[in-house]
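Worksheet for the structure shown next.
So that you can tell them apart, the chains are marked A, B, C, D, E, F, G and H in the order they are listed, and the count of residues begins at 1 in each.
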Amino acid sequence: ERCGFSEVIYGEGKNVSLIADIIETQQRAGQSSLATRLAPSAAEWLQQKFPSGHYNSLARTFRTTAKNPQPPCPAEQKSFSATYHAAVVTAGSTDTPVAEEAIETLIWMEIPYQRFDDIGVAGPQRLLAAVPQLRQASAVVVIAGMEGALPAAIAGHLSAPIFAVPTSVGYGATLGGLTPLLGMLSSCASNVATVNIDAGFKGGYLAGIVVQQLLASHSPFGKIK
Amino acid sequence: ERCGFSEVIYGEGKNVSLIADIIETQQRAGQSSLATRLAPSAAEWLQQKFPSGHYNSLARTFRTTAKNPQPPCPAEQKSFSATYHAAVVTAGSTDTPVAEEAIETLIWMEIPYQRFDDIGVAGPQRLLAAVPQLRQASAVVVIAGMEGALPAAIAGHLSAPIFAVPTSVGYGATLGGLTPLLGMLSSCASNVATVNIDAGFKGGYLAGIVVQQLLASHSPFGKIK
Amino acid sequence: ERCGFSEVIYGEGKNVSLIADIIETQQRAGQSSLATRLAPSAAEWLQQKFPSGHYNSLARTFRTTAKNPQPPCPAEQKSFSATYHAAVVTAGSTDTPVAEEAIETLIWMEIPYQRFDDIGVAGPQRLLAAVPQLRQASAVVVIAGMEGALPAAIAGHLSAPIFAVPTSVGYGATLGGLTPLLGMLSSCASNVATVNIDAGFKGGYLAGIVVQQLLASHSPFGKIK
Amino acid sequence: ERCGFSEVIYGEGKNVSLIADIIETQQRAGQSSLATRLAPSAAEWLQQKFPSGHYNSLARTFRTTAKNPQPPCPAEQKSFSATYHAAVVTAGSTDTPVAEEAIETLIWMEIPYQRFDDIGVAGPQRLLAAVPQLRQASAVVVIAGMEGALPAAIAGHLSAPIFAVPTSVGYGATLGGLTPLLGMLSSCASNVATVNIDAGFKGGYLAGIVVQQLLASHSPFGKIK
Amino acid sequence: ERCGFSEVIYGEGKNVSLIADIIETQQRAGQSSLATRLAPSAAEWLQQKFPSGHYNSLARTFRTTAKNPQPPCPAEQKSFSATYHAAVVTAGSTDTPVAEEAIETLIWMEIPYQRFDDIGVAGPQRLLAAVPQLRQASAVVVIAGMEGALPAAIAGHLSAPIFAVPTSVGYGATLGGLTPLLGMLSSCASNVATVNIDAGFKGGYLAGIVVQQLLASHSPFGKIK
Amino acid sequence: ERCGFSEVIYGEGKNVSLIADIIETQQRAGQSSLATRLAPSAAEWLQQKFPSGHYNSLARTFRTTAKNPQPPCPAEQKSFSATYHAAVVTAGSTDTPVAEEAIETLIWMEIPYQRFDDIGVAGPQRLLAAVPQLRQASAVVVIAGMEGALPAAIAGHLSAPIFAVPTSVGYGATLGGLTPLLGMLSSCASNVATVNIDAGFKGGYLAGIVVQQLLASHSPFGKIK
Amino acid sequence: ERCGFSEVIYGEGKNVSLIADIIETQQRAGQSSLATRLAPSAAEWLQQKFPSGHYNSLARTFRTTAKNPQPPCPAEQKSFSATYHAAVVTAGSTDTPVAEEAIETLIWMEIPYQRFDDIGVAGPQRLLAAVPQLRQASAVVVIAGMEGALPAAIAGHLSAPIFAVPTSVGYGATLGGLTPLLGMLSSCASNVATVNIDAGFKGGYLAGIVVQQLLASHSPFGKIK
Amino acid sequence: ERCGFSEVIYGEGKNVSLIADIIETQQRAGQSSLATRLAPSAAEWLQQKFPSGHYNSLARTFRTTAKNPQPPCPAEQKSFSATYHAAVVTAGSTDTPVAEEAIETLIWMEIPYQRFDDIGVAGPQRLLAAVPQLRQASAVVVIAGMEGALPAAIAGHLSAPIFAVPTSVGYGATLGGLTPLLGMLSSCASNVATVNIDAGFKGGYLAGIVVQQLLASHSPFGKIK
């Protein structure tokens, strides 16, 4: 009786045959699958076993499409309109793998999204140029390393919720991502919430469910619950 | 040209006459005001200066109502329906001041909410009893100290976004709230985002804008932007 | 004149021939042996040298049976009854290696146990289903990573002592297990004590001696001391 | 249907009238009460309101006796024999307040105990002299600050479980008790589990339930569950 | 034979009569004085003893003018031109005391400066508006708390060196200023150097000596050494 | 319209073909290039692709000369005179790689410099002998590991700004460079600013722009802006 | 049968009447007493009770002379010669209270000493001037805050053991003394050992026993043991 | 004019040919050499180049004997008597490599020593048995990991200075040796000073110079300076 999305497989330290079992169980239940933080060898093995699946080597994810799509929960039939969508933003090109994980998650959730790359605080013009489009999104994932300044810099321009994802990019005082994590939490911007370091999956998922609620609320079946 | 909500005043370490100036400026602009983290003496002084304002001594907030409500931004006329609302949950009675801050914020935003007190993991029955009602909310603020386990315990039951607020309640290994903060971030629940320690305001604000987008999307003026 | 159990060999950073010497000394004294945190190469070498021993590659332990069981200390003749036993619980499947170490320890101590896998806070139904059986145990080892919420979630249901073992599973804010460690220590549950990160051995040993005291107190030889 | 001991009131940051309400509710249910970490002013107020209660100013606890002792849970009628008991040990005289909290807890639980003061590693003779008596206890609470060496020093002499309580006594490198906490967790002694800094209550409670299980298992009503 | 500026008195934890002695010694040597981090009581006592001195209660500094200005070191005669000057920037109004300390230092060094208040990343328009003027400065002090994002946000617009001063403003995850400190150090902006938390004095001093070298290099006496 | 120096490429975790693209873009714009923190394999690949470039394997940098030097920004024509220059100082021979990175940066900026090796606090005579020459520099980069004492030890002798670079050399209590970083920030020397651990590039760049401003201010084109 | 010096009383958090009891016990045993880290009120009370004792308010110590000096342990009769002595060095005037504690300890031990104040790395001339005298000492206590550079700076000049005492003087990045503590431990000087933050007593005691062994080895009674 | 011992070579991260150069320079000056923290490959290369040198692979040291022993500094002719010597103690067998480094240092210094292995707090009998011999030593190096309890446990039995060396042995809460480091510093034993994690060299060196002063003070040439 769990509604909404099926459980996502956390791949780190998990036996690859266990992962395959879960995917098969989900397929039998007519669900699509998403596994994250996979070792390359595990991902390649899964690709061979499930040739119609999609392995994203940057994101370290593996994703399958539901064989027999699960009948919707009461009031959940999705009728996507492009009106409501998420945005995924990175500060620099080294943040790309985390953005890929967020985007794989949104694709798996069937949520429309836009992507804005490399608009970190170092280049304020690029950031300002993106603002009008960013204001169209109903939820924004902002991925940044170093001091993690980008979410706060964007937040003042938007009224939608921002999900900030710190990355482990950097050296020395960045403490493997703890510094941007603490910085994002300390930000005085009121519309910024934070997730774990490198947790592109979580950022994407949270933005996805905010958009999903808007989409569902306008579907003929009414509000998702 | 900033839309949505007016800027909230961060009261800590700020001169009380500066705070009064800001409130007056906001009143002249037809905006309501919210000041947080006030010293008691500052709050009492504000209460005397703005007798129609509301001082919540537990929350350490002061709030005024707009004199001449600001004309809505394009497509923002609010038509609240009880259908969409937030929920505010505490783990224990010592988390109350933070919950009060979240609720003051929701009241100031004019967002409907429900409140669930003292349903921490220590008493699993009370938590389970609240689940059916919690599933009605479009965004949930979960406030907890100690190990910060409550958001993860609730998350599995809901598909709405959860904004977790760690509190500084506890001693020794709780490290003034760092332990529940890190715990909430580490949680494997996919629908949990975290804000700063004791940041009831942020939890309330984020839940508020998620609900606000749903309310606005159903208003005759369409989607808020 | 040390009673109870013989000394356990901490294998990390220890020369394998030194470990073999200790095992042989213990065998001459009629004692069984347990070595923990072994490198695979060391363990395989020991398996060849002591073919009747048992190497658990997940737990990274090696265990032998006493050649001539040591005559019991005054009043220590064991007469195991299934009534008194320990329980070993994991939050997720990535916690398995630590659980294996706890269980190898209990087997070596000849203490009866039950095992409950993957009943973390993410799936509250599985946890609730296990409670009636868990209440039969006289001591419970609870193994969990991430925020380490499971011991507190279980504690409210039981009156037996719980030995919480944080694991180093996770990334970013879990700080290699420090976050669940601090969370378990911060918990307001009164019947939870904590051991070091990944210390399945300690969790198993402590639960083992609690059960052992109950078993011994009902043996014809009276209370163990 | 919760058996065993009634809930203990965590007094820090809790309104004194709320505490009094809880005590009254517990009294009406025929339960005794224990409140910990009380501010002196709160404790004195409680003493006046409940004159038959007991305020321990060193321990910062307040304790009442059940008006109409709760009828025992199935199989829980207690028939205390002095055979099974706990021990409470301190390293130095500055650890006394934490020991008092542990002892108040044992008294409230009606568990027999012995007390050993000031036998820290600085004076090894005093420690060795206490060993024969310590070996009589079925569970031992060891309270120490600074480097927290005492539990490990005692552990080698005993086969019973030891509950180590680090204290916040010290300065500089003791980091308010984090250093003995981490030291106790790092100890290579296998029969030591640790609780939070200054958590005399928890140490006492855990030792209490280990002894309680032994006492109950020998009562005419059989094993407690 | 120490050239340039006389030693600045670090006032914290220093006896007020010792401070007065140092000021008198400096006066006899024809030097001006600057004392920082003074307790209010100490500062008021100094104001009474040296009535022509200047006490800045926000900055917690006390400053005197040289009685007989010290003859310049070889090649150090100052001929200030408004062309070369420093800038002092704050992110928010709570950063004011630290800015005051920086400015008192620049005044004492007789270095021209401009001041830009409250142009933090929350209000990107105000920041952009200040850029043309900021580009006139030869060294910039940027003072910010929370995540410490402002120096990086400004740095991309300027080619002069920026001295970033983190402040202890904030709560929870700001860790008393450690978070902005680490953030500023982690920034990928190449023209940002950092000083200690709340060290307005150091920020002002460093900007002052950069400007001073430019001023001196254009004086008739040539380059300062 | 960005003046001064072109953007420097942060090589860590960046695809080598992306780096080559950036270098080519900069070459087309008539700019020289500098890439830092390169993996050896990436650097060797770049050396082959751009044979006239310079790979410094100790510094892990790669540098190219502008094909068609960019026409100067208004008032920026450089007329280097040996008068103004930077100094680069190391405490010990293990700090060499970081010094090489600083020097590669200064060469790329075309800023004259002097180098002083291995004059750490352990050998006070060597430090004192270097002081007269060090006083000629307009900005000094001081690179040191362990306790990071050298910047403070040098600072008292100079009036120019010092850019302190902590290194990750050392073990145990040096915490991978955090200890010298914190030490440098804590120093009571007023003319010391600090950059990230191992950030030779930043130290060099900051010293470079201080010298550059002096050089430009004396060029026929006047002050750089 | 404990030889050498009697036990020193750690005054923090200890009841003043307990301290008086210990002093009286020591007096009855013919021993002198030393109590450290006393609250002013406790110290004043002791001064009144033991009028011939010596209260040092800066050091926060109280010291008494033995009534009937204890007969020496075998081979311990002291015949002090000025040849062997300790030195106590401070970096700055804010380190004075810790130096006073070290000196009170040396006086109580009856060990000759010399004192060198305010010779921190900021003023290298004063340090160099003191070196010839410092080389006469058989053990040196070096007390410094901030980055804790002084011990390393002195160590290269001496061959005697140096006991480094970090102080809690400073703000921000000094982390209440952790930074100089870690810096002193990280130093590459081979003759430096470190004690706890503000532990003037320990520094004095260790220097004292090194000198004491030299003095005793030349007494007619031979080597102390 | 540096007396006493020649400089020790810190081998980590240092080019092997640079190390060979230093050894050759020291040989030409008639000095013996000691290099520490060598990579195995570097050490083997040195062994081949200096066949009469001694490589200790556990200690990771390389040591040579002086070709033409350096004429003694004024008053330094050594006349070793077995009376004065150092002791080196380990808590467990995993501490052996650090003990080897300390002992190699003492051998190189030509200081007599005794060695006590594996007498950690887990086996109090072995510790007590060693005490009478330990009391003969004039300085004691105590090497321990985990909670670092051994120095405090030994200290109460001795009046000589103890140099405590924490080791990085352990996992989880031992934090790579930070926990025993902080524990040793926090110890209430007055005769314990601490050095860096795994710094066997420093422990040995400090004990060596304490003994050396005693030996020299009894040589015909009088006191070493």
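Following the convention adopted for this analysis, a contact is a pair of C-beta atoms (placed from the backbone, for glycine too) under 8 Å apart; a residue touches a chain by one contact, two chains touch by 3 or more.
Worth saying up front: this structure is predicted, and the values here are computed from it rather than measured.
Peer 1: Just how many steps, at minimum, does a route from chain E to chain H need if it may pass only between touching chains?
Peer 2: So the least number of steps between the two chains is 2.
Peer 1: Can you tell me the least number of steps between chain D and chain G, where a step is a move to a chain it touches?
Peer 2: Each step joins two touching chains, and the minimum needed here is 1.
Peer 1: Matching over half of the contact pairs by residue number, can you pick out the copy of the A-E interface from D-G, C-D or F-G?
Peer 2: F-G
Peer 1: Chain E to chain G: how many Å between their CA centres?
Peer 2: 38
Peer 1: Rounded to a whole Å, what is the gap between the Cα centroids of chain D and chain H?
Peer 2: Distance between chain centres, rounded to whole Å: 44 Å.
Peer 1: Find the geometric centre of each of chain C and chain F from their Cα atoms only, then give the gap between the two centres in Å, rounded to an integer.
Peer 2: Their C-alpha centroids are separated by 54 Å.
Peer 1: What whole-number Å value describes the gap between the mean CA coordinates of chain B and chain H?
Peer 2: A distance of 59 Å separates the two centres.
Peer 1: Do you know which chain G residues sit against two or more other chains?
Peer 2: Residues 10, 172-174, 178, 181, 185-186, 188, 196 of chain G each touch two or more of the other chains.
Peer 1: Please list each pair of chains that are touching.
Peer 2: A-B, A-C, A-E, A-F, B-C, B-D, B-E, C-D, C-H, D-G, D-H, E-F, E-G, F-G, F-H, G-H
Peer 1: Under the touch definition given earlier, write down the residues of chain D that touch chain H in their complex.
Peer 2: Residues 92, 120-124, 128, 146-149, 152-153, 155-157, 170, 172-175, 178-180, 182-189.
Peer 1: List the residues on chain C that touch chain H in their complex, please.
Peer 2: Interface residues on the chain C side: 10, 12-14, 18, 37, 166, 168, 176-178, 181, 196-199.
Peer 1: What does chain E use to touch chain B in their complex?
Peer 2: 93-94, 169, 171-174
Peer 1: Which part of chain H faces chain G closely enough to touch in the complex?
Peer 2: Residues 3-5, 8, 10, 83-84, 135-136, 138, 159-161, 163, 181, 185-186, 188, 190-196, 201-202, 205-206, 209-210, 213-214, 217-218, 223-225.
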